[in-house]
Amino acid sequence: MTDINTKIELICFIANLLKDTNHVAVGAASPIPGAAALLAKEVYGSPRHVNILGSVKNNFFTNGAQELFDCAAQGRIDAFFLSGGQIDGSANINLMGVGDYPTNSPRWSGTFGSAYLYFLIPKVILFREEHSRRVLVDKVDFISAPGASEDNIYRTGGPYGLLTNKAFFKFNKQTRRFSLQSIHEGSSLEDILNNTGFSFDYQPNTPQTVLSSQKMRQTLQQNTRPKIEEVYPQFARTLFANTEQTS
Amino acid sequence: MTTSLRELVAHIESGMSVAVPTDYSGVAMSAIREIIRQDIKKLHLIGVPTCGLQAELLIGAGAVEVFESSALTLGEYNPAPCFSRAVKNSTIKLIDATCPAIHAALQASQKGIPFMPLRGIIGSDLLNHHPNWKTIQNPLAEQEDPIVIIPAIKPDFALFHAPLVDEHGNVWVGRRKELVTMSQASRGALVTAEKLYEGNLLEDEKLAAGTLPSLYVTASAVTPNGSWPLSFWHGRDEDSEHLKLYCKMAKTEEGFREYLDQFVFQEVSQ
Amino acid sequence: MTTSLRELVAHIESGMSVAVPTDYSGVAMSAIREIIRQDIKKLHLIGVPTCGLQAELLIGAGAVEVFESSALTLGEYNPAPCFSRAVKNSTIKLIDATCPAIHAALQASQKGIPFMPLRGIIGSDLLNHHPNWKTIQNPLAEQEDPIVIIPAIKPDFALFHAPLVDEHGNVWVGRRKELVTMSQASRGALVTAEKLYEGNLLEDEKLAAGTLPSLYVTASAVTPNGSWPLSFWHGRDEDSEHLKLYCKMAKTEEGFREYLDQFVFQEVSQ
Amino acid sequence: MTDINTKIELICFIANLLKDTNHVAVGAASPIPGAAALLAKEVYGSPRHVNILGSVKNNFFTNGAQELFDCAAQGRIDAFFLSGGQIDGSANINLMGVGDYPTNSPRWSGTFGSAYLYFLIPKVILFREEHSRRVLVDKVDFISAPGASEDNIYRTGGPYGLLTNKAFFKFNKQTRRFSLQSIHEGSSLEDILNNTGFSFDYQPNTPQTVLSSQKMRQTLQQNTRPKIEEVYPQFARTLFANTEQTS
């Protein structure tokens, strides 16, 4: 699969994860999740509300930067996306850096809102294209936000699953482990096992990820495209560079 | 009532705490360069809730003693070279937080309360390293219910770039209410503005709804293109070529010095 | 997207809690009369932060079980006859507060936190009678430092009158940010609006700065003159003659019944 | 003195109390304090900021009804006015009602923001025109807001003094008592003692309240009048009904 086709498949896959939501918020530099939310709205009519943070036009918050966090705490955001420089098998994420805090090297940007939103948004989808032992580690060097919490901790949200360019895992809150759901075209169970630094549950006969329908790709091309172009002009240019290839 | 950029920045003294907004809120880059020219040092810089090039420049110039924020990101131009060096060499003190905690700390100051409780955070390593946060039992709960309390942050100044200022010192910030929170939480606000508004912003109810009253504004300066090279939500796009150039030059300490010479020290103070 | 006044009010069920704003913020008087016509009872009415004729009418009509606010005032038409009778005869349960505590309780709900600390209050008899407030030691202080904590109030609905609503359900409230707080603190907002705005309120940055997004709005109805007989900050003056008439008629229980017959029950539901 | 002249003297008197302030906030139904704040701004250039609450035009708050309370807590309001159905000798005020709470009869409106603002605004001026044993009581039936607090209570504000249509008292925080400062024209020490329900400190030779200067009354008439008319049209009509009488 071409890189572009992989991105289109990821967009369609995520869109299908969002069809039971009312309000999806998307971080500023997240074109694939953003495109997916816009596509789901187009195809399913839900989410009804898509909020692209950092954007002026596609962000309906009016109460300042704090509104995202208030809104999440009110239970009014159903899905969100987080990533990590490191993600471990307990769904802990590390956005801080490698090595011992505070002298990490490399030091990444920092924790952003993850230490809060991960607790309060019901369907947090961990999304990281790179699927390697460098990223998917046994234990993160710094827990920016924990994947699970003790029963006495107020927590209404958490990880739903982990999507990479090789596979999709669901997270099991009880066992606190990922379980492999499907393997994308071009990868294999062996490839996944070789490139994942944490242990996870899987069936030997894990199915291949179902490819997107032609109808969905068409909708993306024809209906969602202008909206994506509005929010992510550069990304749209790459994505729709060769429209023949994708339909 | 408006002043020069030079006088505006002169309100800031070495050792003060300054709250600055994240890139999409309106960053007073001109004022940041003026801070470097005025050789103001030992700042406690608070990125609300995250920070970008302005922190990177100030840290590189050695103006920052404490950096308190939830992230320092140059977006697609990451990693931030001076910040990376400073962290590695421990030349700045870090207070790493999470976005809503920065907001909560400022809102506590805005409301004159000593702290604000906040959900989440428990189990994050942030909590082990933050010097001020504290976990308490929720005093209203009968069952065990730990909750983090975030002490108020009261900066000396809030410093940002806004679309409009009027001659009375009122500032239009539109939907960017975090700028109102920052200003009310601080001793005062220092504001650069893209344009002077003729008239009184408070006399038009539509504009008033997005206006920070002059009561909270210590000084303001009309500074067109004041966010350069960053974009400004109420106007300009970023100067991508310049940002690429910055990243290239700042890769080394020497290159960064050259950048300062060329783009900061040779810039004429207004 | 907008609905009829009748359908708007039908969202409110007996026993629910409803937050309503003070007179200068925009009172949905038409909706209040519709509540009485729909015979909705046992309301927990929260006056943010005080209340006037709307509480007086609802209390007189026997629709209120609990009245939680910082004051009930008819301004120059005081005292409020039905309220006075209800207090004297203990036919309503009172939760008396002070204005910033009502705001703090709603802001706590808006922020999803269990409580908000608040200065003042200690030494006021309010504290001896309030069923929910609690005094704790400030967990950050080394010396003795008692502080009151105000538990969150999460109403079922916020109900108010606004200048503009658009067909997407966005509502322009201008500077009246307490309406935003009330709405975000509640499960949803029910809004009557003076006018329909053609277009999308969020697409004009000036209007957006004073707009409550539709995400928080359960239903809205275009109701011109919806604050009558009270004044409306974005338009009309009060109907002083009618308010005088009200005070005269409501002096006795019988007179109040007559007022209801004439001005509430005979009004046609929209 | 006519009723109008008394009101004008009260306005001028209060204006003189405000000249060391930067920001004065005034409640909605308080025409005399409001007029005084506007006059002081006119005559002294301070207060620089006058905020008439409940007004649209003369209220510069833009952050909703909560801003008054936040602003007070930030230490940005220097003076405010409170009143009371009852005020006692310890400067406790009662806005709740007569008799036992909660079945007061009469029941007054309620406590409003007094239980908070009284603690946080440095110069709170108690203002009540009626000077009688009914209002100025030995001990209030309900403390809406206390006049003084123990040392361990966070308190940056409190009562500065009490102004009635008979006299002006200052409040002494140490002794927690009022002391009579001056007696208005038309009253006397005996009259004050007869009509005050609480004990207070006084000198046998308490001076008469100094009448306003003609210059101040002129400024009120000529310069402040249009502003007062804007905020309190009905009050202005009464106050300036017969302009000859007052100058």
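Residue numbering begins at 1 within each chain, and the chains themselves are lettered A, B, C and D in the order written.
Keep in mind that, in the parts below, contacts are C-beta pairs under 8 Å (C-beta built on N, C-alpha and C of every residue); 3 or more make two chains touch, one makes a residue touch a chain.
This is a predicted model, so every value here is computed, not measured.
Novice: By that same contact rule, can you tell me which chains touch chain A and chain C alike?
Specialist: Under the touch definition, chain A and chain C have B as mutual neighbours.
Novice: Taking each chain's centre as the mean position of its Cα atoms, how many Å separate chain B from chain C?
Specialist: 37
Novice: In whole angstrom, how far does the Cα centroid of chain A sit from the Cα centroid of chain D?
Specialist: The mean C-alpha positions of chain A and chain D differ by 60 Å.
Novice: Using Cα averages as centroids, what's the distance between chain A and chain B in whole Å?
Specialist: Using C-alpha averages as centres, the distance is 29 Å.
Novice: In chain C, which residues are in touch with two or more of the other chains?
Specialist: Counting only residues that touch two or more other chains, chain C contributes 111-113, 118-119, 145, 147, 175, 180, 205, 208-210.
Novice: Touching two or more other chains, which residues of chain A qualify?
Specialist: Only 56, 61-63, 69, 73, 120 qualify.
Novice: Which word fits how the chains touch one another: line, ring, star, complete or other?
Specialist: other
Novice: Dump the list of chain pairs that touch, please.
Specialist: A-B, A-C, B-C, B-D, C-D
Novice: Contact residues on chain D for chain C in the complex?
Specialist: Its residues touching chain C are 28-29, 54, 56, 61-67, 69, 73, 95-97, 101-120, 142-146, 149, 152-154.
Novice: Touching chain C in the complex: which residues of chain A?
Specialist: These residues of chain A touch chain C: 23, 49, 56, 60-63, 69-76, 120.
Novice: Over in the complex, which chain C residues touch chain A? Could you list them?
Specialist: That would be residues 109-113, 170, 180, 184, 202, 205, 208-216 of chain C.
Novice: Tell me, which parts of chain B touch chain A in their complex?
Specialist: Listed in rising order, the residues are 21-22, 24-25, 48-50, 69-73, 75-76, 78-79, 83-84, 87-88, 90, 94, 96-101, 103, 107, 118-126, 129, 143-147, 175-181, 233.
Novice: Within the complex, which stretch of chain B touches chain C?
Specialist: Per the touch definition, chain B meets chain C at residues 104, 111-119, 134, 136, 138-141, 145, 147, 149, 151, 173-175, 205-210, 234.
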